[in-house]
C-alpha cells in the first residue's frame, strides 16, 4: 500500500522479529555457555514453535490488510471491461507476505516434529527474503530516483539477510550469524519506517524532493546510520542479557 | 523450437525429474533414519544408474527432436549461397540437451564404478544447468520485453539449481539441498509450460501483449506462485512418504 | 576531503595496519609451529586489544579531521536558508571512519572478555569495509572517467578484503586468509596515495587528464603493479620473520 | 600482441598445463586409492616444484615476447614528445604474465619448504587468473561486438578457474576440483586458439564479420562445444590412467 501505514506494518513486523531474535539468541548462547551439557535447548523448542505461529499470524494479517483495505483488490485478480490486472501492487505485497507465512508454517513443523530436518526452517525464511527482494527489485523500476534508491537500499538488508540465513542452514546455532541476522532484521524494520517518513510524511507536509541528487546522497549515508543503530540495539540487548 | 511443443518437451522432462527427485530423496532420507546402519543405500545405487540412463535417453530425444523437426537444421550447421549459419536457435537447444546427456553418462559411470569419485555426477549436472542458463542468457537479447522477461526468470531457477548442486558436490546426501534442488526442477518444469501458454497458446487464440508493462509485473509475481506450488508438491511428497 | 591530505590520511592508516598484520600473523604462525602446545597465543591477546584501541583512535582522528577542517561541516548536517545538506562528502567520510571505530571497539571487547564470541571482531571489520565500499560506490557517480575509475578500483580491494574477512569469521587463525587480508590492506594504503598523486599532485603541477582513455588503461594496470608490490612486502616480512 | 601468434602462445601454455594437470591429478588420485597409507605423495612433491619452475619459465618467455617483439615497447613505459604511454596493450599482457610468474615462484617455495603453508600456491594461481580476467575486462571495451564477445567468454573460464582455485585453498587434494580446474585450463587453451583463428586467420583470408549478430550467437554456442571437448580430453586421460 503506497502510504505510511503500508510501510509501518512490515516495518513493525521486522523490528519486532529483529528485537526478539537478538534477545532469544543471546539468551540461548549464554544459557548454553553456563550449563555445557546441551540440555539448555529443550525449553527453546517450544519458543521456536510459538515464533513460527506468530510469524504465520503476522503474515496472514499482512495479506488480509493488503487485500481488504478500501482501495485493495478484494481477491479480484483481473477484471473490468478489458480484463486488466487489478491492483498488482497489492497482489505483489500479498505474495511477499504469503512466503513469510509459508516460512512460519515450516518453522512450526520443523520444531514440533523430529521428521522434518532442522535447517529447513532457515532455508524457507531465506527463500521468503529472496522472494521479497526479487519482487521489490522488479517493483521499483519506472519510479523517480529517490523512490527507487530508497527501496533499492532495502534490498541490501534483504539479500544480506537471505545470504546469512543460507549459511545458517549449514552452520547451525552460530551466534555470530544469528546476531547478524537480528541486526539486518532491525535494519529492515527501521528502514521501512524511514521510507514511510520520506515518501509519505505521516503528519502531512510535503514529501521530500524525489529528484534531488543530494537527497539521494543523504539517504545512502542515512542507511549506514540506521545500521549503526541496529548494531547498537543488538549490542545493548546482548550486554544486558550477559549480566 | 519456438512453439508450444518446444517448451512442453523440456518442461515435462524437468517436471518429471523434479517430482522423481522429491520422491527418491525423501525415501532415502527416511530409510536412512529408520535403519541407522548405513546399508540402506545399496538398493539406491541401481536407481541412480537407471536415472542416469533415463536422463541420457531424454537428452537424446530432445536433441533428435530439435534437429529433425520439419523446420529443423537436419545437422547442417551452415549452408546456402552465403554460407550463413543454419537455424542457430535449434543448434543452441541441441547443445543444451547435449550437456544434460553428458551429465547422464557421467551419472552412469559414477554410480556403476568405484573408480569415479562420487560428486562428479553433481558437478556435471551443475555444469549442464550453467550451460543452459549461459545459452539462454545470450539467447534472449533483442526480443520484446515480456518474451525477454519470462525467459530471464527461468535463469533464476537454472542458476539457483546450479549453485545448489555445486554445494551438493561437497555436502553430499544433504536432504535440505536435495529437496531444494527438487523444488527448483519442478519450478523450471511448470515455468516452461507457462512460457508456452503465454507466448504460444496451444488452443489458438492470440498470445499475450508482449509490450505491456503490467503483463511483465504479473509474470514476475506468477513466477513466485509457481515456486509456492513447487514447494507444496515437494511438501506433499515428503509428508506422504513420511507416513 | 578532496585534496592530497584527505587521501594520505586513510592511506597511511591502511598501510600501517596492513604492514602490522603481515608482521603479527607471520609471528603468530611461526610461534605456533615451533611450540605446538597452543599456549603461544596468550601474549597475542593483549596485542589484539591494543590493536583495537589503536584502530578506534585512528577512526576518531579521521572523524574529527573530516568534521573540523576549515572547510568542513563542523557537525552541522543541514543549514542555510533552504535547509540544504551541508558538506555531504565530509559526512560520508565521517560515516566510513565511524564504522572502523565501531569495529575497533568490538575488537577490544572480543579480546578482553570471554563472553563475546571470537569472530565477531572480524565480522564487524568486514562490515566496516562493506560500508566503506558501499558509500564509495554511490559516492563516485557523476564524476569524470578517470576519477570514477581510480576510485572504483579501490572497491576491488575493499570488497575483496570484506569477503576474506567473512571467511575468517568461520575459518579462524588461517594464515593464508590473514596474509591475503594484509596484502589487500597494503594495496588500499598505497592506492589511496596513488589517487592523491594522480588527482591532487602534492607538489603543485596539473593533475592528470581525467578524460583520457589511455590514462584509464594505465591506471588499471598500475593497480596490478601496486598489488604485486603489496605481495612483495608481505613476502619479505614473512621471510624475515621466518629466519 | 594483436595477431595469431600472440594468441597461440598463451593458448599453448594453458592447453599444456590443463593437459598436464588432468594427467597428474588422475595419477595422484589413483596411486592414493591403491596404497592408502598416504606415502604415495612423496614423489609428487618434486613434480610440483618442477611444475612451478616450468610455469615461471613460461611466464618469463611470455613477458620477453611481449616486450621485445619488433613492434613491442622494449621496456619503455612512456615516451615521445607528449610523454604518451607506449604500447599499453603489450604492457598489460606483460603484467598478466608477471602474475603467473609470481605464482610459479610461490609454487616452488611452497613445495620445497615446510615453512610456507600449503594452499598459498593455489591462492596465488587464483590471484593470477583474477588479474588476467581483471585486465581483460577493461581491455576489451571500445571494440566491435564479436571481438568484445569472444574475449568476454574467456572471462568465464578465467573467473571460473579462479573460483575453483579459491575453493582448493581450503579443500585440498579434492580430485573433483582438480579435474574441474584442468578442464577450464584446457578450455582457455583451445579458446585462445579459437580467438586467433576468428580474428587473425593464420592462413591469410579475411577475418570474420565482427559486427554480424549471428556470428556472436554461433561463437556463444561454440564456446560450449569447446568445453565439451575439454571434458572429453579430461575424461579420456582419467580413463586411460585408471586402467
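Think of it as A, B, C and D in the order they're written, each chain with its own count starting at 1.
Quick note on the criterion: a residue touches a chain if its C-beta (ideal position, glycine included) is under 8 Å from a C-beta of that chain, and two chains touch if they have at least 3 such contacts.
For each chain, UniProt lists the protein as follows: A, B, C, D = Transmembrane protein 45B.
Source: prediction; values computed, not measured.
Novice: Look at all chain centres (mean of CA atoms) and spot the one farthest from the centre of chain D (Transmembrane protein 45B).
Specialist: That would be chain A.
Novice: On C-alpha atoms only, rotate chain A (Transmembrane protein 45B) onto chain C (Transmembrane protein 45B) and read off the angle in steps of 5 degrees.
Specialist: That pair's rotation angle lands at 90 degrees.
Novice: Interface overlap for chain C (Transmembrane protein 45B) and chain D (Transmembrane protein 45B), more than half of numbers shared or less than half: same or different?
Specialist: Chain C (Transmembrane protein 45B) and chain D (Transmembrane protein 45B) contact each other through largely non-matching residue numbers.
Novice: Give, as an integer number of Å, the spacing between the C-alpha centres of chain B (Transmembrane protein 45B) and chain A (Transmembrane protein 45B).
Specialist: Whole-Å distance between the two chain centres: 31.
Novice: When the C-alpha atoms of chain A (Transmembrane protein 45B) and chain D (Transmembrane protein 45B) are each averaged to a single point, how far apart are the two points in Å?
Specialist: Chain A (Transmembrane protein 45B) and chain D (Transmembrane protein 45B) have C-alpha centres separated by 44 Å.
Novice: For chain D (Transmembrane protein 45B), write out the residues touching at least two other chains, lowest number first.
Specialist: Not one residue of chain D (Transmembrane protein 45B) touches more than one other chain, so the list is empty.
Novice: Going by the touch rule set out above, what shape does the chain contact graph take here: line, ring, star, complete or other?
Specialist: Shape = ring; chains linked end to end, path closes on itself.
Novice: Applying that definition of touch, give me each pair of chains that meets it.
Specialist: Listed by label, chains in contact pair as A-B, A-C, B-D, C-D.
Novice: If you look only at chain A (Transmembrane protein 45B), which of its residues touch chain C (Transmembrane protein 45B) in the complex?
Specialist: Checking each residue of chain A (Transmembrane protein 45B) against chain C (Transmembrane protein 45B) gives 29-30, 33, 156, 171, 175-176, 179-180, 213-218, 220-221, 224-225, 227-228, 231, 242.
Novice: Tell me, which parts of chain C (Transmembrane protein 45B) touch chain A (Transmembrane protein 45B) in their complex?
Specialist: Touching chain A (Transmembrane protein 45B) from chain C (Transmembrane protein 45B) are residues 84-85, 88, 91-92, 95, 98-99, 102, 115, 117, 119-120, 123-124, 127, 131, 134-135, 138-139, 142, 169-170.
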